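When the chains are written out, they are named A, B and C in that same order, and each has its own residue count from 1.
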Amino acid sequence: MKVEIDNLTISFPSPQGMRAAVRGVSLTLGAEKLGIVGESGSGKSLTARALLRLLPGSAVVRADKLNFDGIDILKASERDMRAIRGRRAGLILQDPKYALNPIMTAGAQIAEAWQNQRKASRKEAMQAAIDLLAQVQIRDPKRVAESYPHELSGGMGQRVMIAMMLAPDPELLIADEPTSALDASVQAEILRLMEDLVSRRGMGLMLISHDLPLVSHFCDRVVVMYAGQVMEELQAGELVRAKHPYTRGLLECLPSLSHPQTRLPVMSRDPAWLA
Amino acid sequence: MSGVRTAWPNLLDRDWLLTDSPGSRSQALWGQRYRLWRDFSANRLAMAGLIIVLALVAMAIAAPLLATHNPAQQELTNRLATPSAAHWLGTDELGRDVYSRLLFGARVTLGMVLAVVALVAPFGLAIGCIAGYYGGLVDKILMRTTDVVLAFPRLILALAFVAAIKPGITSGIIAIAITTWPPYARLARAETLTIRNTDYIAAVRLTGASSARIVLRHITPLCLGSLIVRVTLDMSSIILFAASLGFLGLGAQPPSPEWGTMIATARRFFLEQWWVPLMPGLAIFVASLAFNLLGDGLRDVLDPKQR
Amino acid sequence: MISVQDLVVRFGPVEAVRGVTFAVGEGQSFGIVGESGSGKSTVLRALAGLNDDWSGRMTIGGVALGPKRGRAFFRRVQMVFQDPYGSLHPRQTIDRALSEPLIVHGIGDADRRIRQALAEVALPSSVRFRFPHQLSGGQRQRVAIARALMCEPEVLLLDEPTSALDVSVQAEVLNLLADLQDRRKLTYVMVSHNLAVIAHLCPQLGVMQGGEMVEMLSASDLRAGRVSHPHTADLRRLSTELEEA
């Protein structure tokens, strides 16, 4: 599996004509963990959604190349897209509260996702769902399988979501701010879990987040985006050696426990970044 | 505040209205109104509805000027005449000019509708917002009362009320109002329930504002959008309800030319002289349709989620 | 300035806050950290008078607080909410949002005060007649802060004031809050899940877990790792782990 994005541009119509929200983004992703970091409006989520063709109908997508494992996403039929979405590539969203069906048990939802591409009985599917819940390190998978989403905590809900996305054995997992609705302690657990599953199954992971230190902690490579463009691409370990003033600014303006500052440095944005 | 009232002369200046940074409160307000109007007028069907409604109201107001005959003047030798140059829409069973009666009938019918709306909308809004904001016992009492009224068949309740008093336009209006307010109260309550727990209402509470001020100035305006839409969509059913009261002889009394009553008295001639009941029927149809189109357009403009 | 003793807050049969005690001196900042459901925001809302069902003793400036607060209370105490998208009335312009406290308290000279308030939170005067949806998250939070300051309060209660903002905007808002405190001698109580943010602004802080305040310590003790409760140690470890990455 290989994702190739070359010179991707996404525009939306506005009263002042077409407005580009993503401008000339290029990146590749194999069986590795790629982080995409940026502030709100940087186009990070749009980029990931374009890959699954999940953008609103008004969006105009252009690219020299937008490939998922050799399939041209721009030209693929809706049928081909359905074979990719949820099967070969899973999407995990920020808040499991909204992403899970409130009137189906967690087990039934995972079983459905699992059954989608296999010929199997309901009993087998349910057993598979319980296995998957055990894989996402839920201690009592039987009980959780029988619970409804509102009976689960945020962290538990996100585990269910991950189990559901793993059910069809995808090759790529796109996680859009998967932990920003969770407490710090749960956040670390979920990310560790994802990291572990991804490396064990040899999947690709695209982790989208606003939290630069967090992402660089868990990914192999980090792409920093600002205002629809890629500012800098870094190996995760090289965060301290980041050159771009935007990346530096993002790191420096964070209050820190170990390095107290009386005043936080404020980022000054240079229009030249968007050349 | 100084310099605020100088805004008037610029109302025809588009740039002044659409500026990103208005200089005064009134400029901002006019800009906002202009934007609403621009969105609304872009919707052709809604504009058609608005024009028809305005035309109907204008015709009702100018009825004495536009009418060709006295609406009460009988001409028994010329009963149930077909439309002609003398009687544009023909005459009814007493030889009265149908066109003139429709014009004067518009005054009665539209007047009844507007009176009902003027009674019902504020009342339903108040009940709903108060019940929703205060909750607890107040909510229980108000909403159970609403349920009781809602549980009655509308027409029966109105009939019972009119029958208990003297039939006529005023009692007709009150009867319709009594049976129409509950849905408005429910609507306003449902909206209030979601609004009252938001942070922006909490922030208003923290200014120390009284409950009355919060309900009146902060919650009601948010309910108003859906209420206005609901009202215009209900206009047609109110016309039809007034017509059915008139039809049953309990609303406007003959010889008062109310559209529903006109159909009611002409129904005997439905097979042979079909144009006699058809004309008021068409009038009701056109008015209902216009109000519906207007309501649809208003909903599109006023719904903040769509913008 | 503020003292809270044995505060208990109930939601029906559930005790969301179980016996919390702390005090804040005039012009000081006190932070409350905790995870979701720890009761930290509930403490703040009870202080602000947004929650009636509490027991214990709370005083502000020596005046004991009852379940219902009078208008005078709201002149002394104001609050800034977490979500700047939700704390501004969607149909009211910024001008209206800022005039509201003035109207309620019968304070005149609205035009000058509003212009001054916008300048104080470093917003251009062009935002005055805009609607909240026309502003960015950071601008909205500045408006919310300006609104809280309209009646010149002594105490500002901050409920996760930066957690919905981008980190670069968070820095600007934290700097603004620090400047305002210097200039106006405000007393802050700030609630957050972010240990570093709390420690940045508040020299004293309390850690909450399960409705109880399990530890109170100074920011410098926290930075140095001189903590006694395991939950505080956990939170600290999670926070520093990422910083050192």
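Simple rule for what comes next: a contact is a pair of C-beta atoms (placed from the backbone, for glycine too) under 8 Å apart; a residue touches a chain by one contact, two chains touch by 3 or more.
Everything quoted here is computed from the prediction, not taken from an experiment.
Peer 1: Indicate which of the five shapes (line, ring, star, complete, other) describes how the chains touch one another.
Peer 2: Its topology is that of a line.
Peer 1: Considering only mean CA positions as chain centres, point out the chain farthest from chain A.
Peer 2: For chain A, the chain whose C-alpha mean is farthest off is B.
Peer 1: Which integer distance in Å separates the CA centroid of chain A from that of chain C?
Peer 2: Using C-alpha averages as centres, the distance is 32 Å.
Peer 1: When the centre of a chain is set as the mean of its C-alpha atoms, what distance in Å lies between chain A and chain B?
Peer 2: Each chain reduced to its C-alpha mean, chain A and chain B end up 51 Å apart.
Peer 1: Indicate the whole-number Å distance between the mean C-alpha point of chain B and the mean C-alpha point of chain C.
Peer 2: 46
Peer 1: Would you mind writing out the residues of chain A in touch with chain C in their complex?
Peer 2: Where chain A meets chain C, its residues are 39-40, 154, 183-185, 188, 210-214, 216-217, 239, 249-250, 253-258, 260-261, 263-267.
Peer 1: Inside the complex, what are the residues of chain C that reach chain A?
Peer 2: Per the touch definition, chain C meets chain A at residues 35-36, 137, 166-172, 174-175, 178, 193-197, 199-200, 219, 222-223, 234-236, 238-245.
Peer 1: Over in the complex, which chain B residues touch chain C? Could you list them?
Peer 2: On the chain B side, the touching residues are 1-2, 20-22, 25, 27-28, 31, 198-200, 202-209, 213, 218, 221-222, 304.
Peer 1: State the interface residues of chain C toward chain B in the complex, per the touch definition above.
Peer 2: 48-50, 69-71, 73-75, 77-79, 81-83, 86-93, 95, 100-101, 104-105, 110-111, 124-130, 144, 147-148, 151
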